[in-house]
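Have a look at these structures, which come just after this line.
In the two complexes below, chain A is the common chain; its partner is chain B in one and chain C in the other.
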Partner chain A sequence: MNNFGILRTIAWRNLWRNPKRTLITLIVVTVGLWSILAFSMLLNAWAESSRQNALGLLIGQGQIHAAGYMDDPNIDHLMPPPDGALRDVLDSDGVAHWVARLQLPGVVQSEYKTLPITILGVDPAGEREISLVPDKIVEGRYLNGLDDDAVIIGANLAKRLKTTLGRRIILMSTGADGYLEEYSFDIVGIFDADQGFEDSYVFTGRSLLQEYMGLDDEIAQISFVLPDESGLPAMIDTLKAAAPDLDIRDWKQVSVMAAAMNSAMKSIIYIWLGIMIIMMSIGIINTQLMAVFERTQEFGLIRAIGLKPRMVLWLVTLESALLMAVGMVLGVILAVLTYFGFQGGLDLSGFSRAMEAIGSGQVLYPQFAPADFVIYPVLIWVIGVLVALWPAYRAQKISPVEAMRHAT
Partner chain B sequence: MMQALVTCRGLTKVFGKGELAVHALDGVDLDIHRGDFATLAGPSGSGKTTLLNMIGALDKPTSGEVTIEGTPLSTMSKAALSELRLEKIGFIFQAYNLIPVLSALENVEFVLQLQHVGAAERRERATAALHEVGLAGMESRRPSAMSGGQQQRIAVARALVSRPSIVLADEPTANLDSTTTAELMELMSRLNRDNGITFVIGTHDPRVMAHSQRHIEMIDGKIESDTND
Partner chain C sequence: MITTTRRTFLTTIAAVAVLPSVAVAQDASQILRAAFDNWRADSSHGVVDMTIHRSNGNRNLSMESWTEGHDKALVRFTAPERDAGNATLQNGRRTWVFNPRLNQVIQLPNSAMSQSWMGSDFSYNDLTKTEQIINDYTHTIIETSRSNGHTVYTIEAIPKRGKPIVWGKQIIQIRDDFVLLRQDFYDQVGNLVRSMVTDRVRIMGGRPYPVQLTMSSVQSPGEWTRLNTRSIEFGVQHPSYLFTRSNLQNPRN
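Up next is the complex of A and B:
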């Protein structure tokens, strides 16, 4: 055994000289790491659920518009249905599903109220492949076909309009000729999504809307999903090459809100990480300073025997490193057990309103990110060892003569 | 005449400043020779511990010089002084003599480990040292499970196991009863007699002085008498 070996033995045994103090610090470190990893898994689950919800309702993984539509989404910025090279790419194996929509700003009117909304003319068969809306019908039915002369609206919009299933509403928008067009529709279905979505969209058959607006077959947007989302950047490039004049964006560019939510989740994790690191640092410094203070005579003795000052620094640092390492291992084990415990999903249906408000599904599936299970423990361990250098430095400065004078 | 193992020349040590200054050592000249079994006696505050600290390279004098085997200590760095203590000096203190988390054997081995002695030799020498001081069979006990006398024996074994040039003991019997004191002094006398180990023992215990071959008396930081002179 070299010097390091004997220091390791002494360090390890010293940790257990005051088991209560060591255990308290160990609990802080273990629970701290566990909470970071568990919180990270849960927030990632929430972020992913919110993202899937937002993307699944309407956005898809990417969208194609005519140039200028995103800045001014009206009837002047439409595009023809996809053909040629663009159609070939959309119909290829690289794209799982795509749908074409006519989306126009408009107004909805009931007997009691008039509200601004977005009118969506959709292909009901295609939407069933790509959108969650058909599955969210809570009253009545979804649309039947491209020329279905009916609308479905959100539950909250129906409430605000003081209307119900089976009643008629009037949709108004500017037609191709620049004049206001208005038509009345039967409400055949009510859907339930998040409140913002329910208030914003009214769905009808695409061909019918095109006809009412005086259009031929122009559309406002194509939404698509891929069989594997990791291929998205490459697919965006392929689509841009196939249709250089169109505005082709991935979901982050389409919905800045969804992207911002996603990065906000990361920020919350980092803030929590910071708080935990501060708490653990205080715990480590406190434990080690107390230990150093109590062992002044002992440090004096080993310095007198011939241990170099640097080795005393190592000894105390090693104790902190061991304590942190044990805490990291326990924290990771606890977090892994938590992951497997909730692998089948964390059912939060009891908080369904709150979950809806934050745009999340009612069952969260913890997201296991292996990198987090390495990066966070290593980061915390390194910081823990660094802050422990201060008590270690204090121990190193103890003079053997002063220490032994206290002893006698 | 043979070169002294330790020489102290014009040693002074002043604690504090101005009117509060205390002259713990006031011009001490002393030679310790190989094989000496010397007691350093005197009332409290006479400078015994301060002088032992100077000889043991634990503290630096305000003026004057200590040399060990011809090497002056004043020019050495802290790390070099640690090395010197490790290789040439054995210490026995009044209390806090042992590392509480290590067993008797590990405490003795500790010094050898710092000297990078191989595992097998280390174990053999440490075991032999514990046998030498009468602690055979107690190798695996922790200090807290042993009596004060047994703990001091471990300290003696640890001080000797590194084969130092000199063993310095400061009030080694202060916490021991008379029987244990007699046993410990007999042990140190035998090691001096049989193995030629040099001891300097700071004490004001007459039972300890009774064993010494050389008696140095200190008063007010000065050597009042030395039976070698």
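Up next is the complex of A and C:
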């Protein structure tokens, strides 16, 4: 124990006998850890932002459809508006908001182009509570009521159709009688979301669309959000119990894409972590080996005055461990500072088009995951100490005789 | 001599028969109705060549067509070899296409109705929605002029509110013998989008008929599709099986 105390003191002093060498390693380790933590905060922010974006536009935290609609989303797979037990659950405190939509595959036509589209008949008042689309109107207005006979389209769709606010487009879909229904709609609003979303959906009043399609009050979809996302699995079970015949899914099952993005982010963080660990290990081995080589004389001397080879091994390992520990502390401090620096959000509106392409919002809010700030440094420290065993092993093999020859 | 007299006499009769209708048809809608009736009549059977002009060359197709009323039509391609046998059938609100190589009849989905018909500048809608211009638009004569001894009416057609029509307006020129001379399609801010022009009028099937029509789009300059009617007869009694799916797939005519 006493031996260890002396060793520790010597190791610490040894570190600062050559400040330049120590600082280089320290910087590698500090910056390495900081980059891992910062990168993980950023990617988590991105993942969360794109998830919120994807869920916020339409998906919600979960959706209810008639059985078969998800596989074949058309007018043959609709359901009546929720009633009875299902209605009670949806109106309970467990659900913050829900909306019913009529969603049908169709075609949009302008003077210049005809494009496939998904037509959504919505309840504008409900959508304002649950969807981001009403807030994303950049020109004109959102829909006014269930029977609003106007249409809201995406900015990019308007560009592709070569049409503008105030002009009319034709929406077509197969009606309840199996015939093509086509109606003229005035564009009263243009929304700005990600390009894929803009190209995929147009919105109009739900009652109106039902009437046009020859329906009564059938709907295609219920989207809901909970006051607290952690209650989702339980709520899905409750809903399934209330409406066993319906297809009830959480957002991961509704949007495989959003779920895949979410897990892909995690993988990217781990890949980055792996790369950084390898780079840091190479850096540590390299500098420590060089150090051991440069210090041959020194090791020869302490061996000559009676230090056992095992003690030399301990000494060098301890030096690495101390150095790594300092690096870890500095890295964590830097990362925490970075977090507080960008707590108000990282405004990337300058790259808004690119951010849209990756499905993210324009402002990223770093996600503070306390576990990361413990697990990553410990992991890196352990690995760093393990790789430093090799230079330490080389140091232990230096004999006094060899050291003397080396000096000459 | 007798025959000449008789012919003159018949012409006079015809002229007299037509005259009152010309007098009445000063109303834009009636002129339009008369022009489309003249074009398609109650029923018809014709042979038409189609030339599709593209930057990389021309494609020449031949077809035989049968129509009855305004919502029954059958078009069967006869040449060239690789397109022969392709057929399009309209009956009421539905349209089918037959591909002999697949030996399949496909009912056209709604989304396909505005797509190009056989790669031409015409869409399926152009073939099947001829009535729309009469029923879903309001018509005004905006100009009356003289050309080659004929009075030419220029009619502005504006879609009625709420009708599913993308165009802002159409400008149609019709000669006093009810030959459609020109149809221009404008977008909602007044830019010309596409034009169908009658290049040649001849007496065919006993009436003046636009035998050569060219459709072109402002969007793709230098590209056009020309329809050349080689022969046409009107007032033909078609067998009842003609406009059926089974006849589309296994032609009996």
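Following the convention adopted for this analysis, the second predicted complex is superposed on the first by the 386 of 408 C-alpha atoms of A that agree within 3 Å, B and C clash if a C-alpha of one lies under 4 Å from a C-alpha of the other, contacts with A are read in each partner's own complex, and residues count from 1 in each chain.
One rule holds for everything that comes next: contacts are C-beta pairs under 8 Å (C-beta built on N, C-alpha and C of every residue); 3 or more make two chains touch, one makes a residue touch a chain.
Every value quoted in this text rests on a predicted model; they were computed, and no experiment measured them.
Contact with chain C, but none with chain B, is seen for A:Tyr179 once the two complexes are overlaid on the shared chain.
In the superposition on chain A, contact is made by A:Leu307 with chain B only, not with chain C.
When the two complexes are overlaid on their common chain A, residue A:Ile169 makes contact with chain C while staying clear of chain B.
In the superposition on chain A, A:Ser131 makes contact with neither chain B nor chain C. When chain B and chain C are set side by side, the one touching more residues of chain A is B. By the touch criterion stated above, A:Glu298 is placed in contact with chain B alone, chain C being left untouched. Applying the stated contact rule after C-alpha superposition, one finds that A:Met404 touches chain B and leaves chain C untouched. When both complexes are overlaid on chain A, the residue A:Ser200 reaches neither chain B nor chain C. Across the two superposed structures, the residue set of chain A contacted by chain B and also by chain C is empty. On chain B, the positions that touch chain A within their shared complex are 49, 53, 56, 58-59, 78-79, 82-83, 85-87, 91, 93-102, 106, 109-111, 113-114, 116, 119, 158, 170-171, 174. Those residues of chain C that touch chain A in the complex are listed here as 93, 110-111, 113-115, 159, 162-168, 185, 187-189, 193, 219. Contact residues of chain A toward chain B in the complex are 1-3, 5-6, 9-10, 13-14, 17, 297-298, 300-310, 400-401, 404-405, 407-408. Those residues of chain A that touch chain C in the complex are listed here as 106-107, 109-112, 114, 116, 162-163, 167-170, 172-174, 179-180, 182-184.
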